[in-house]
């Protein structure tokens, strides 16, 4: 599902700190309308977050063991611009929009060439893996985020 | 994923016009954190929208043939309150929040007993199935919506 | 995906010990061919296994805590007969085909009314939840299986 | 889900004609057991079939338009050897096992390094996209298959 609405983002509006993840759409992701199912964009967002963290020199898996921190999602939002189809070669951009205290906001945009198919974001709260209580976002995540300040 | 944040909605805050869809969580919906994967809430929302329309005396499938109308999603939003787990018996509420012109906004809430696990909404634009151009939301959808006015 | 091939099973060929699970197909399960995606039948099979166990007076979740046993899948097979479509009201039958030593074989059939859409099976090995080593299928599972003998 | 059973295949047993598709496991693919959900292996198989066809100089999408042919699945089988986990870098091999008349059998194997995690196959029947009746597997698919003979 998904249909044109508004202009979306242009590729040159994506921050330089963004990490781009290439992805080829399988039949599995599509629905009977012939488009990528709207819920599957959240999986695309997750794939790009994983690569964002890997690019930062650590992985989510490592983070869980290292700092004992987890980043459950507390909010997700998607704006659908144009539909993606089976076998499309798309790219998902992810970048840290805000990181302070216990919260981390990551923004995403999905492109097919220069066409912006969707934009969105997720908000995460950093919790201790054992106690599941909120803890400060680890310094190595903040360090990795060019726009987070000191 | 998903963790407590804010208070969510209480069952008695859900409008009377809402339709409730019961659902049993399979392993397929869960992830390695032990919770229902965050993207799968959009599938839960879809299940409840389908039942909302069926309760209105028509189905999405019928609507596509009858009025030649489709309702692609242009926006989706989820606020995650508490995690759902494997084998949980949950219920998803869906109700029409706003229907005017080309747009339809449907709100959702997911409950396990009295606990609100998630809330959210989707915004749809009504398009002609053939031309894929925006058309007014059909009267029989408006009629079905108690809060839409005349 | 899926297309007619062979005759499948007739409803009256399904054993009386089978448990039937009703299911309404959402858009999420379909693909661009307009049919339920072939991989999603394994989720349908799981839903019916869950209800099979619940009907036996225990749930998989309970079993994990009670006997400390888990039933990972070591083999899955599906024969696709006719496609299921969006909004179809289907039923999935599940029954124990064989239970001895460490192994449990469960058979499945998917119907839309009298039409057999798919058949298949899964083979599970019973393992201790802690050691993950094979253990005998618990007696309360064998007891529940009418065809397993003493 | 999935647990060791038998020896699986060794990497050097995979035919040279096989195409290998790399894949990084997201949270979305895992379940509460901490492993890739058993049904998701069929999506992995599909991803590798898509790359198998692309390597043959055509894509499934092109085939549908070019020859007007479709390849719905009539049988799927998976043997699970060892579990895949979140963030694993895995590879899926796909190769044509048999292609004659209306039928095409494709085999798959999933590896993490030298470890064989799963093996399986799908059987497809070639149908005309318009009439949905069986047609011979197109010559350009047979040509692409080194083991299919003249």
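Chains here go by letter, A, B, C and D, matching the order in which they are written, and residues are numbered from 1 within each.
Here is the rule we go by: contacts are C-beta pairs under 8 Å (C-beta built on N, C-alpha and C of every residue); 3 or more make two chains touch, one makes a residue touch a chain.
All values reported here derive from a predicted model rather than from experimental measurement.
Chains that count as touching both chain A and chain D, per the definition above, are B, C.
Among the other chains, C has the CA centre that is most remote from the centre of chain A. Simply put, of B-C and C-D, more C-beta pairs touch at C-D. Averaging C-alpha coordinates per chain places the centre of chain A 35 Å away from that of chain C.
In whole angstrom, the spacing between the mean C-alpha positions of chain B and chain C is 28.
In this assembly, the C-alpha centroid of chain C lies 23 Å from the C-alpha centroid of chain D. In chain A, the residues that reach two or more other chains under the touch definition are 1, 27-28, 33, 35, 39, 43, 46, 86. Interface of chain A with chain C (complex): residues 1, 27-28, 30-35, 37, 39, 85-86.
Residues of chain B that touch chain C in their complex: 24, 26-28, 43, 46-47, 50, 59-61, 86-87.
Residue ranges of chain C in contact with chain D, taken from their complex: 1-3, 5, 33, 35, 38-43, 46, 70, 72-80, 83, 122, 125, 127, 132.
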